[in-house]
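Below is the structure I would like to discuss, written out as structure tokens.
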Amino acid sequence: MATVHYIEYEDASPEVREVYDDIMTTRKVDWVNNFWKALAGQPELLQRTWYRVKEVMAPGAIDALTKEMLYVAVSVTNGCRYCINSHTAAARKKGMSDEMLSELMAVVGMANQTNALANGFQLEVDEAFHNGGRDSE
Amino acid sequence: MATVHYIEYEDASPEVREVYDDIMTTRKVDWVNNFWKALAGQPELLQRTWYRVKEVMAPGAIDALTKEMLYVAVSVTNGCRYCINSHTAAARKKGMSDEMLSELMAVVGMANQTNALANGFQLEVDEAFHNGGRDSE
Amino acid sequence: MATVHYIEYEDASPEVREVYDDIMTTRKVDWVNNFWKALAGQPELLQRTWYRVKEVMAPGAIDALTKEMLYVAVSVTNGCRYCINSHTAAARKKGMSDEMLSELMAVVGMANQTNALANGFQLEVDEAFHNGGRDSE
Amino acid sequence: MATVHYIEYEDASPEVREVYDDIMTTRKVDWVNNFWKALAGQPELLQRTWYRVKEVMAPGAIDALTKEMLYVAVSVTNGCRYCINSHTAAARKKGMSDEMLSELMAVVGMANQTNALANGFQLEVDEAFHNGGRDSE
Amino acid sequence: MATVHYIEYEDASPEVREVYDDIMTTRKVDWVNNFWKALAGQPELLQRTWYRVKEVMAPGAIDALTKEMLYVAVSVTNGCRYCINSHTAAARKKGMSDEMLSELMAVVGMANQTNALANGFQLEVDEAFHNGGRDSE
Amino acid sequence: MATVHYIEYEDASPEVREVYDDIMTTRKVDWVNNFWKALAGQPELLQRTWYRVKEVMAPGAIDALTKEMLYVAVSVTNGCRYCINSHTAAARKKGMSDEMLSELMAVVGMANQTNALANGFQLEVDEAFHNGGRDSE
């Protein structure tokens, strides 16, 4: 199915293996998923993407599970099959219950609906919402 | 700009005012934003949408602020101008700091990138991700 | 705002004016809208697009007003500001009432929601729906 | 494939069965498709979605078949595999011929093209199209 | 899988075979891919689409391979499975190396990310970028 | 309009100014556009995004102008107003003529159309296109 070859660990160069090792260590698994094996054909693409994902998804002002659920929300909206599966699995692993998944999906469904309505009616942005409420208390 | 007329409170029928009152009470504001005033042209559309949004966005297994941030993530991904502004404002009102907004945007940006890469490379879903990890512990 | 110059009728070549005339005759107006004036920079693009739109939107097994409403549905889903405005106006001109617009938007909103839910839950296509019911009676 | 378990009729609670019965009665079938069985994990999500879909899709100012074709147009534009199949099948069941399907697809294809062109050229909305022709006769 | 029947060469009318022959001659192949066989149910749709694609994709100010890579970029962004596969194959046939595919995907991934960030932050267009730099030297 | 404050050069920290300087040096300009000034609220987001964009857009197997046109194609498909303007301007600066812009838009328009048709008809991927022609000569 993939339009490029997966680079398996045993066939990988040292610089690619270094990234694979970091992925497995960070995620506490002993295997590398297809996404990274597809990017490995261009080591720079693999490195930049992995280290940035690792950085962005680390807990900060927003916790790790919430970040994972945000990732699911975007993947569902974009209809990316691989991503919906991998990130739903990742969110479950980080503590998302079935009840949380249902609520998440209900929010995402509703948001896609109201986005369409707002776009469709070409609404003017209310003054109180200007700049996303940037200067409000 | 809007393709329909906004129904102002003073011109609204009793059934529409009932919804407007509930919106203002729930949100602790004394005005109704354009989105609802545009839907009011069809009272049924206004009612169903408001009561469902109210239900879906109430705190549950997922808290209210996280739900609002999920809404922002979807709106950004769909590029809905009205929604990005109104929901960013709503999230700020519910406690989202500038730091949280930046982290949210970083996650949404990254997710849109990896969604494109995963789609582009037509990846097979790894076995461990089948069913979004539905049957895993 | 536009990234190219509009070619006004008075500045247009004979081959471009030929298309402009056909647009105005077909639509029973005495002016050419911005969309066509932007395409006119590349006469071939203007010709192919206009004659194909004219052909596709002519009444057939589906009537002209329904075709215009389908166009609105797609434009709303894609969030194209210019298109939402121009096609909502065109649909009104072809007989779409405010009530019909509201019903159309309700359907489009609902569809965007259930599309997200179906994608999000990664549903298998039921056997009865295979091939979009192509071989059913 | 699905990221949640389907709730089969025999395993469903009375409140879920009540919705299932209404779906089958309304659609004159003796089975429930996967979409509803996936939503049933959260009975409220199932109820709200079904009763709203039923309401929105009932014939009104716009007839039922046209509403179904609008649903197909949105599903195609969003690229939702499950939805394209289920709604194309539903539209066929409501009377859409192969000829109508071809015309619908031709319109949807054209609309996706001109949406991209209009967005790409960043066109100003002509005055006559302001507010989607809201105040025109 | 397809929602319509494929019209095979042996079952095709003379007008459809004429298009099929032109496709095979132009592409130097001895078979017709599914996309055209699905459109053939409506000969006019087949004709218009093929001749326009042939015209648009011919080398001009932009060469044929670059045009094919642009097609891949759009297909990836839209997540169209059929298109990603067929156009990646076509681009390879026209000279795209694995290295070029990786660079293309890196650009497309980055663009999808920065598009989301720009939309999300609701940026004002800088004066120097007005009209896409239309009037700059 | 923006949902965050722009960090102007004069108000920027040394680490942010370092990035600003690199942007202006690389692009041979004496000003920083809004996109970067919005990201600067989170210095890490600014750094990662700038250095990765710089890397991805540098000439490689694909030249710089082609990469810029790919960026326009994605931005148009996503309908990102800011991005369409900034990247169309950037492409013009790198040598894209009006004729090339028209051809690019014609390709992007066509691709959005055929993507919708292919998705809509739910086509099976022909064997010759499997894996995007990965293993073909």
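Per-chain numbering from 1; labels A, B, C, D, E and F assigned in written order.
The definition used in the following text is that contacts are C-beta pairs under 8 Å (C-beta built on N, C-alpha and C of every residue); 3 or more make two chains touch, one makes a residue touch a chain.
For clarity, every value in this text was computed on a predicted model and none was experimentally measured.
Trainee: Which other chains touch chain A while also touching chain B?
Mentor: Looking at chain B and chain A together, the chains touching each of them are C, D, E, F.
Trainee: With centres defined as the mean of C-alpha atoms, identify the chain lying farthest from chain F.
Mentor: Comparing chain centres, D lies farthest from chain F.
Trainee: On a CA-centroid basis, which chain has its centre farthest from chain E's?
Mentor: If we average the C-alpha coordinates per chain, B ends up farthest from chain E.
Trainee: Among the listed pairs A-B, C-F or B-E, choose the one whose interface is a repeat of A-D, with over half of the contact pairs the same by residue number.
Mentor: C-F
Trainee: Using mean CA coordinates as chain centres, what's the chain D-chain F distance in Å?
Mentor: 33
Trainee: Compute the distance, rounded to whole Å, between the mean C-alpha positions of chain E and chain F.
Mentor: Those two chain centres are 19 Å apart.
Trainee: How many angstrom lie between the centres of chain B and chain C, each centre taken as the mean Cα position?
Mentor: Going by mean C-alpha positions, chain B sits 27 Å from chain C.
Trainee: Please set out, as single numbers or ranges, the residues of chain C touching at least two other chains.
Mentor: 1-4, 49, 52, 77-81, 84-85, 88, 99, 103, 105-106, 108-115, 117, 119-122, 130-134
Trainee: Can the chain contact pattern be summarised as a line, a ring, a star, a complete graph, or none of these (other)?
Mentor: complete
Trainee: Enumerate the contact residues on chain C facing chain A in the complex.
Mentor: 72, 76-77, 79, 81, 84-85, 105, 108-117, 119-122
Trainee: Could you pull out which chain C residues touch chain F in their complex?
Mentor: Residues 3-4, 41-42, 45, 49, 78-80, 131-132 of chain C touch chain F in their complex.
Trainee: Inside the complex, what are the residues of chain E that reach chain A?
Mentor: Touch list, chain E to chain A: 79, 84-85, 88, 98-99, 101-103, 105-106, 109, 122.
Trainee: Given the complex with chain E, which residues does chain C contribute to the contact?
Mentor: 1-5, 44, 48, 52, 55, 130-134
Trainee: Where on chain A is chain B touching in the complex?
Mentor: 1-4, 31, 33-35, 38-39, 49, 52-53, 56-57, 60-62, 66-67, 69-71, 73-75, 77-78, 80-86, 88-90, 92-93, 97, 99-100, 103-104, 106-108, 110-115, 117-126, 128-134, 136
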